[in-house]
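Note that subunit A is present in both complexes that follow, paired respectively with subunit B and with subunit C.
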Partner chain A sequence: MSSCGNPATEEQALMPRRLKFGKSKDCVRCRLKPGNIVIRHAVYCKECFTPIVDMKFRKALEPSVNARAGTSKRPKLKASGNLCLAFSGGLGSSITLDIVHNTYFSSRPPLDDLGKPRGGTNHPRNVSVWPSCLVCYVEVCGAFAGMHDRTEDIRSVVERYPSFEFVPLRIEDAFDGSWWTKVSGSNITPQVWLELSKEGLITDGLHVASKVTDLTPVEAMRSYLSSLPTQTAISSALQNLTRVLILHTAHSRGSSHLLFGSSLTSISISLLSSISQGGGYAIREELQEEWAPVAASGSKPNNVLRVIRPLRDVTAKECAIYAWWNNISVVGRDKQRRAILGIAALTKNFVVGLEKDYPSTVSTIARTCEKLEPKDVPSGQCRLCKRPMQSAIQEWKDRISIRSYSDDKLAADLAHIPSPCRGNLDTRTPPQVPPLLALTDFLCYSCHTTLTSRSSRGVKQSAPGVSSATPLPIWVADRGLHEDGLIGDGTRRKIPKEEMLDIVANFLINDQELRGMRYLQRFL
Partner chain B sequence: MADTMTIKLVFSGGLELLFGNERNQSVLIPPLVPSDNSTHSSPSSSPSTPSSHNDILTGETKAADLEYLIYHLRDHLLKERPELFMENGTIRPGILVLINNTDWELEGEGSYQLCNNDEIVFISTLHGG
Partner chain C sequence: MAPTSCSLCRDAKAILKRPKTGQQICKNCFFFVFETEVHHTITESKLFKPGDRVAIGASGGKDSTVLAYVMKTLNERYNYGLDLFLLSIDEGITGYRDDSLETVKRNQQQYDMPLKILSYDELYGWTMDAIVEQIGKKNNCTFCGVFRRQALDRGAASLKVDHIVTGHNADDIAETVLMNIMRGDIARLGRCTSICTQGEDTIKRSKPFKYAYEKEIVMYAYFKKLDYFSTECIYSPDAYRGHARTFLKDLEAARPSAIIDIIHSGEAFEVKEEIKATQKAQQTCKRCGYMSSNDLCKACTLLEGLERGMANSVITDRARKKMDAIGPAPDNIRTIPLFRSTPTIAVELPSQS
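== the complex of A and B ==
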């Protein structure tokens, strides 16, 4: 290493290590006791730390409790429906469970490992904000061979909170018509199937067919996951399935609020991971959203579900310390489940490393994303992930990509390729396949990428006896795909001009009416 | 020569799975350890064993600190997946360390000198939401 040339310095001097906290080791809040924990360069003692996390939780949640904001600075909290907590057994959701119980359902204190009541803060003002609380858990062992079913372990954790109702779900419910009938009230619809290529992967065209399946929900779910092209796609698909299962369950049970236990660190990871997979359009929904299933008429029902992440200002480190100092037991995840792969894993490693060395940058990720919003109005709700969908995705993809070797953009470039090699290139103009039975226009860009992206390592080897089609989650077929022309007799019907005129005739202004309007305008 | 120190250990947040599923353990650490964090010599060895005697003669020792403890745990207690516990010579990012209920960042991190009956807690924060 070369010297800076300054004669006044010691050549062998080492730069002093930068402190990760301020000058003093005393608590910045009470200034009386020595600190026990460093959170983003601020030092807190144990007694001051817990109330700070509780305050952050309530500050993130309570402004969204009442259906209308009102004018009072401290309104009485009263929700329009019940509360639903999404519980994974992880750190954040365990803390969410505990804080919600202690703050809003504290008439019956939670039980410890020995079955004895634990202490809890009483807040009379906050009692009965929600009449009841559901705790939803989605068991994913069906997606991983040999994984242990933790439903009963999770049940035993939730049962320590007497006020909560445990609602167990399974990841394969997403392919179970009976579950769909229970949450949507609609009759079992034929499942939508996606065409697969000879390698067993979903084709780019996303061609679909409708048929009744004899596969069990587990088999259908495994078929769907095995048809996805990359590990990243599998991770994303599982996250989407889990989230949509909980959304529909919460909505069908009359919940007005759904809470996820995502910490600031988890949110930053999911934001970066989602954006890198084309999910930037739904970036606001990653933080907070008001959700409702779109009805057959295309309109949203009145009872929307507010999806909130009350730990969004609390880092993973704070969550860990809070759980430790408040004796909150964390079930954790199975070893196989912890081994997430793909972009999500890489992003997690990056953000966790960032949090260690530069803790403030983790919150910068979330704060910056909070300021972003899409330019245009959504064109609908994606059928797969149930998030807002941007318009004209296919046109944009066509503009930025070369779809065939007969494309004019490539014509001049082909001249440099030696003649013997050109034989491998199919330069014929592809036949104009009519846009029948394609799911493309009903998916957001992120879901489209999830289904069709290809790994740089090449196509996976096809298993013997690979199927020609794979089922999609049961909710894809909802909302009358017949009307959309996606399923039915298999063809789209072009409406004749005369029929279109009949439909809009009552809304057209004839010449006589137009003249009358112009005459009136002269007097305005 | 000062006596061997008893260090109490607690593993939480899923980290116990790497240590034979035992949340509470303890180890014996000598007061002086090799400066290069080598853990070849047994922790309960007496000062008269050849390896530690040579270290003392060469002067390449240091007071037992948290950095050495982490190497010791990796080499003697960890049952599987060392890469989930240590990275680049220190504790893996995402694992929180408490020394007697205080963040190790307030106690000098790896350079904190161990004392008899210290309680060191390792909590994994990697289990997400």
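== the complex of A and C ==
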């Protein structure tokens, strides 16, 4: 009988249903047992499935363990530093924690009576890939009112793995001088503040402002988040704060490798989301990156941190089955955080929905992006997200859209402006006033857009007593901002004397005053 | 509440909010910034030189109608020195293209430009109505897209033009970037954000509306009261592209800059050199002489499939090999005329009314 319930319907006339799996229901690996799971039209039994995921994990991780590739086909694995795991309590990071423990830490040889490994610590059998492993967790409850603090839940999960050290962090640490002192070793904890518009949002010019008031780290973080113009920006900012907190912590603890538990599905989502937010230049870093804080001299230090996503070939479905069959407990993420709308959430819904009709889309996105690289040499590291950035971001934005008639580039075109709009148009050269100091040149396209791109749904109304400036994460001022003039005495750039004289000269009435000014300059 | 004044001239009353910048501006400033931005796109990319013969791909829809109007305006305002033509392709879709071509014919009179219409029937011996009759609505966009590209080049060659400009806007380009990533089309991904493309032996193709939002094009057409045809194609749209379009609209609703952000991403990356080296070299089709990455170009392959009654089996390269395995194409099937860069076909000039 046909699916519509009419026995008279010809079977031939119905649309043939595509087989969910290949020709056989037996496991494609051992070919003995009946399959228990279908992964992209291939059937696997329970016994074969776990080693396959383990193998994919090792295949993604191990080529990056040794500092240098060497010539050996099967080199002995030895990392140059510690291992750091970024743990969110979600599915991917729970699996990563378990596989890393079982593969690299649980098989250590028994200790002798003195508590030392038998044969000595230098015996090849006793030399582990990484000397130690720390598990970093960033608690974000400070960002949302009424959100449950899950640090203790996470701690109880990590304590099941005795070889791992638990390092709890809080999202507000990004605005905490004491945390910065701990990870950077620097006692100077400057902070950059940005001017806010009357609506309480960061201004388009990203002008640096004077410090308004002393805020606690939680207040500073909430002020920062509330000054962002869209839900997309808030979601992106939280993701960046979490990432950079873990990067700095891992680096300060001598880690050579940092593992994120992103599955193939979440990597594809974050790639598409990043591209949709203008992050195409850092597409390589979304997959794998080598990171180090840029030193004050501008050069990169030797101890580079390799950021790896070893579940990059394992889909979310495979992760879920792996966790279920291996009894891995998953704390899960807070629903409140998940509920943030914006480009990241839209992309997730889109990719997961598309996967039903076009099952290979998830892996296609990741494979396609693996074949891409940035076009130009980076002009530096973005102050906010600590990823490579392109030069001339603002110039590109100015080139594609006209936002003001005072732009020099428009001078020749203004002759064609319709006459009704010429009334208030001041085509004279604007007076030379000191330019406001801005952060624009220190940010990548994506971060610049995060801070400035507004929603189409109108701007929010400012709350009574809203501040006129907001602090930025503490690492924005980690190096060179003194030299770049963004901070110094107070928070304003100290203008060079000659430059100041030129500016002032425009407002002076006669040469005598100018000469007097030049005389005074000697004593400045 | 007092009316908001224009953010640009600070004089007139703002009547619209620009989707691209979020600024509230007056109508005249909108016309000025829209046209000037297109002018900057053209001049900064050095798209044309004085004396160039430029064909505007005209479908009668909003994008190509606004493009024809703006190109004519800028050509006169800034003395580009271009000879402008309208070039239309008649796909043979009854109740859709025949109506939109009437709009193009009116545009020809309104803008005083020569018009050339080239039909699929004339070039391939098949109309889209006949193709859909054979293959159904599924995948018909593949045939239409491949045939149109080649038809535009052939039409342009007949007009002896140096350049074709099309009305692809920022939304179209952002959508194509997403599509190419999702379907793994690395070759197209590498070139889809280029403002100007030129294949070997073919005419340059440019997209002066590369940074113009679709919503602004609609606003421009509306406020200028331009005469355009606004019906969607009656044959089902490409389902996959439909998904990408819906997604892009959602992104734009969440943050309007998403469209331009995707284009910036597309411009910021490129295909790795080692991957480029593995891509097929460009050659010419052995049957019709058009550019191709295989022995036969896609249009000849699709046409052969139609002629042999196996049209559904030639959508993919694998299916093409399957068809080849059955046997060579019979000698008596219809083929596309040999492509020459400068053939001569009569051009319809605007009547003096």
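FYI, the second predicted complex is superposed on the first by the 419 of 524 C-alpha atoms of A that agree within 3 Å, B and C clash if a C-alpha of one lies under 4 Å from a C-alpha of the other, contacts with A are read in each partner's own complex, and residues count from 1 in each chain.
In this text, a contact is a pair of C-beta atoms (placed from the backbone, for glycine too) under 8 Å apart; a residue touches a chain by one contact, two chains touch by 3 or more.
These numbers come from a predicted model, not from an experiment.
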| item | value |
| --- | --- |
| First (subunit B), second (subunit C), both or neither touched by A:T440 | neither |
| Subunit B versus subunit C as contact partner of A:Q231, first or second or both or neither | second |
| Subunit B versus subunit C as contact partner of A:T368, first or second or both or neither | second |
| Subunit B versus subunit C as contact partner of A:T181, first or second or both or neither | neither |
| Which superposed partner A:N66 touches (first subunit B, second subunit C, both, neither) | neither |
| Subunit B versus subunit C as contact partner of A:W396, first or second or both or neither | second |
| Per-residue touch tally on subunit A - higher for subunit B or for subunit C | C |
| Partner subunit A, residues of subunit B touching it in the complex | 12-14, 17, 93-94, 96, 98, 101-103, 105-106, 121, 123-129 |
| Footprint of subunit C on subunit A - complex, ascending | 230-233, 271-272, 274-281, 283, 341-343, 346-347, 350, 354, 358, 361, 364-365, 367-369, 371-375, 390, 396, 399-405, 409-410, 413, 416-418, 420-425, 445-446, 449, 453-456 |
| Parts of subunit A lying in touch with subunit B, wherever the complex brings them together | 20-21, 25, 35-38, 43, 46, 88, 90-93, 260-263, 265-266, 311, 316-317, 319-321, 323-324, 330, 332-333, 335, 338, 348, 352-353, 355-357 |
| Touching residues on subunit C, where the partner in the complex is subunit A | 6, 8-12, 17, 19-23, 26, 28-29, 31-33, 36-37, 39-41, 44, 77, 177-178, 180-184, 186, 189, 211, 240, 243, 247, 250-258, 260-262, 264-272, 275 |
